[in-house]
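Per-chain residue numbering starts at 1, and chain names A, B and C are given in the order in which the chains are listed.
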Amino acid sequence: MLGAADLQALGVSLLLAAVTVIGLLACGLPLAWWLARRDGTGKAWLEAVIALPLVLPPTVLGFYLLLLLGKTGPLAAVGLPPLAFSFGGLVVGSMIYSLPFVVQPLITGFENIDQRRLDAAATLGAGPRDRFFSVALPGARSAIITGAVLGFAHTLGEFGVVLMLGGSLPGETRVASIAIYQHVESMDLASAHALSAVLVVISLVLLVPTYILRRRSRS
Amino acid sequence: MNAARLTCELRLSRGDFALDLNLDLAASGVTALFGASGCGKTTVLRSLAGLEPTVKGRVALDGATWLDTGNGLSVPTHQRAVGYVFQESALFPHTTVRGNLHFAWTRTPAARRTLDVNAMADRTAISHLLDRRIDGLSGGERQRVAIARALLTGPRLLLLDEPLASLDAAGKADLLAFLAELRRETDVPVVYVTHQVEEVARLADHVLLMDAGRLVDRGPVAEMLGRLSLHASPEQRSLAVIDATVSAHDPEYGIARMDFDGGRLEVPLATPPVTWEARLCVDAANVSITRTRAEDSSILNRLEAVVEAIDVLDRGHVLVRCRVGETLVPALITRFSADSLDLAVGSPCVVQIKAVAIT
Amino acid sequence: MRAPSLHFIALLAVAAIAGCAPNDAPAPPARIAVAANFAATASALRDAHESAGGGRIDVILGSTGSLHAQITAGAPFDAFLAADTARPDRLVAEHLATAESRFVYAIGRLVLWSPHIDLVDPAGDVLRGEGFTHLAIADPKTAPYGAAAHAYLEGAGLLGTVAARLVTGQSVAQAYQYTASGNADLGFVAVSQVAGRGSHFIIPDDSHAPLEQAAVLLTDHPDAQAFLHFIRHDPDARAIIAAHGYGLPNDETRPDARRR
């Protein structure tokens, strides 16, 4: 059903989504934990900045990332290797683009943890790091799964940022959504439908159990 | 542990609430921290545990200083040897009862370990719950687990914050009995926050009375109970607390004979008692007063007493505090009766206590 | 339940690290950035070129504007088939492409089109009447086809008549989508988009500036050079371009830069 090029694009998409989610969890968990336990205008500003990718059109975001990460950008000017048109660049772009989808559920999940449980853990001899790993993480488990799955699915469907930043290089930055776009523009609708169907099925397989799990953990 | 003392000076202000409290008390037995909601009892408890980051002052237990903000010292909570039981048990819902107990056990330094998980579960009668998840437990069971979990860490101070508050009447009675038993069996000093006179009467050795962030009164439980009623809600009665020893048990009538410094009491008890030490509580409404001994009454317990104080509660009622030996027994009677009997401070009298009213 | 999700993530991480490494083994095929409106034609040209023994070509699609931005930012493309002449000219000016490599490979043709078979008459008089509610047009400020349509309407004195009924798409692709989906009754689109369906009126080429599409070479990749040479000179290639509804430049050897 899918040609080798489409399978390759699908592979790049899945890999990109996985690496993005891992990266976002690695940065997002401490960030959300820190934010969930704070108040005031500083927190409001940070939360607003995290939510920005929801508001900015993806192509606009992609364009500015292109300027930032390209060979004429400020990062290249200070001697860093240009990340535009590479898989690494897509990871950076996707992490920014999917940031709110992962971090918002994490913040909510951490905020919903009963403070008394954390206090109790402290009186039982658990230090701050210990409390994070042994009380906060298990307590926010369903939020973590939700955030990871939403981030994964959102990255899988990402188009505008990747189109701008990636340059659609086969095997490197051509993801499934861009392959679909190319098929549509080239009037190859059969291939476009097949690849779209696969994306939809993968997303459903991920999302349905997540929402079932979420409903169960709520009741 | 006899000489150990808990000393603290705590100051904190938050909005229009200000805490300013100096304390120095023997770190032994159960100290009740009593007062109305919002008076700062819980804040004191949290400060002792190191859970109030903005509190200033000093906290020291038996030579170990936990807080000395003047010298920039604040031992973090997880390094203080305290056990803490919250109003509603703060158990970890992601694991089982055993998981909760294990959490405490693995984080306890070897030197402080006493009973292991199984022995502690046995001791607190929760062995049958070990593999249950937390959401499946009743409120009373949760509090037992929370207490067991706190005790596993071998605390040098156990802090209980209204542990009965979230329980229904049956759960309260059950956990109160459990705590009373625990009180006899453990020598960990306890600070117990409550605004229920009955809990103070049943559990405490020493009472601290707080109001609006300050310590307003303190003393041994027997002395304090009468005064507490002024601070307690109207439906709370005044109670007598009698520490007695069982001298005999008559299985045929189901009656135990108990001696205390003021005499002897007959108390209904279907089965022989487990321990010889017992704390008896008597509600002032179940105590009556005669000037002479009435031998033909159905009331078994008649004790020689002296009137120590008469508090007029309202137009119809007075609370007559009678001293029986070293023990205070308050009687709630009508003002009319008090006047008819011509009671005054220093009057000799007889207090009558219905046996069935002793718990 | 806690462990499997973490294991899954860990496995993916390992896969990610393993998958990242060996990607740059053989010399990469030529990467040709192609304006989206030329996509189908470019695929056909690539297939013809490959079956004639040419090297492998990767076609990368995008809007002319974003492809230009990517090239400026260092995108590893070997050649650029734009939808206008402005962007290739700018690349030449920026020394990202050589002037000698620039040539017009196709001339777009504007058509007034409707999916309804009897709406558009062969003279385009439909525009003078009340037989439609919405007329789709690409944005005259940013899209060459929009500018051409605007010039035609202006020249024919129709601008006032239709102004209230114009719906403006970002690009000619969007104008086509408005029309093909029936949301606009008719629209100004590219001949290459409609392929003989519905009813249409081809706008005379002299009523607007020519819709020239220029190509430039960005590297010296031999397969890319060969592909551009194929497009420019091969009769089969020129036939494919014409068959897709594009006009061809008259003089195929002259760079054609000054004609306007």
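Keep this in mind: contacts are C-beta pairs under 8 Å (C-beta built on N, C-alpha and C of every residue); 3 or more make two chains touch, one makes a residue touch a chain.
Remember, it's a predicted structure, so these values are computed and weren't measured experimentally.
Of the two interfaces, A-B and A-C, the higher number of touching C-beta pairs belongs to A-C. The innermost chain, defined by the distance from its C-alpha mean to the mean of all protein C-alpha atoms, is A. Comparing mean CA positions across the assembly, the chain most remote from chain A is B. Chain centres here are Cα averages; for chain B and chain C they lie 85 Å apart. We define each chain's centre as the mean of its Cα atoms; on that basis chain A and chain B are separated by 54 Å. We define each chain's centre as the mean of its Cα atoms; on that basis chain A and chain C are separated by 32 Å. Each of the following residues of chain A touches two or more other chains: 138, 141. Residue positions of chain C touching 2 or more other chains: 2.
Multi-chain contact residues of chain B (touching two or more other chains): 94. Across the interface of their complex, chain A is touched by residues 1-2, 5, 9, 12-13, 15-16, 19-20, 23, 31, 36, 39-40, 42-43, 58-62, 66, 69-70, 72-77 of chain C.
Residues 46, 49-51, 76-80, 82-84, 86, 88, 90-95, 103-104, 107-109, 146, 149-150, 153 of chain B are the ones touching chain A in the complex. Interface residues of chain A facing chain C in the complex, by the touch rule stated above, are 11, 15, 18-19, 21-22, 25, 59, 63, 66-67, 69-73, 76, 82, 84-85, 87, 138, 141, 144-145, 148, 163-164, 167-172, 181-182, 185-188. Chain contact summary for the complex, chain A toward chain B: residues 114, 116-117, 119-127, 130, 134-135, 138-139, 141.
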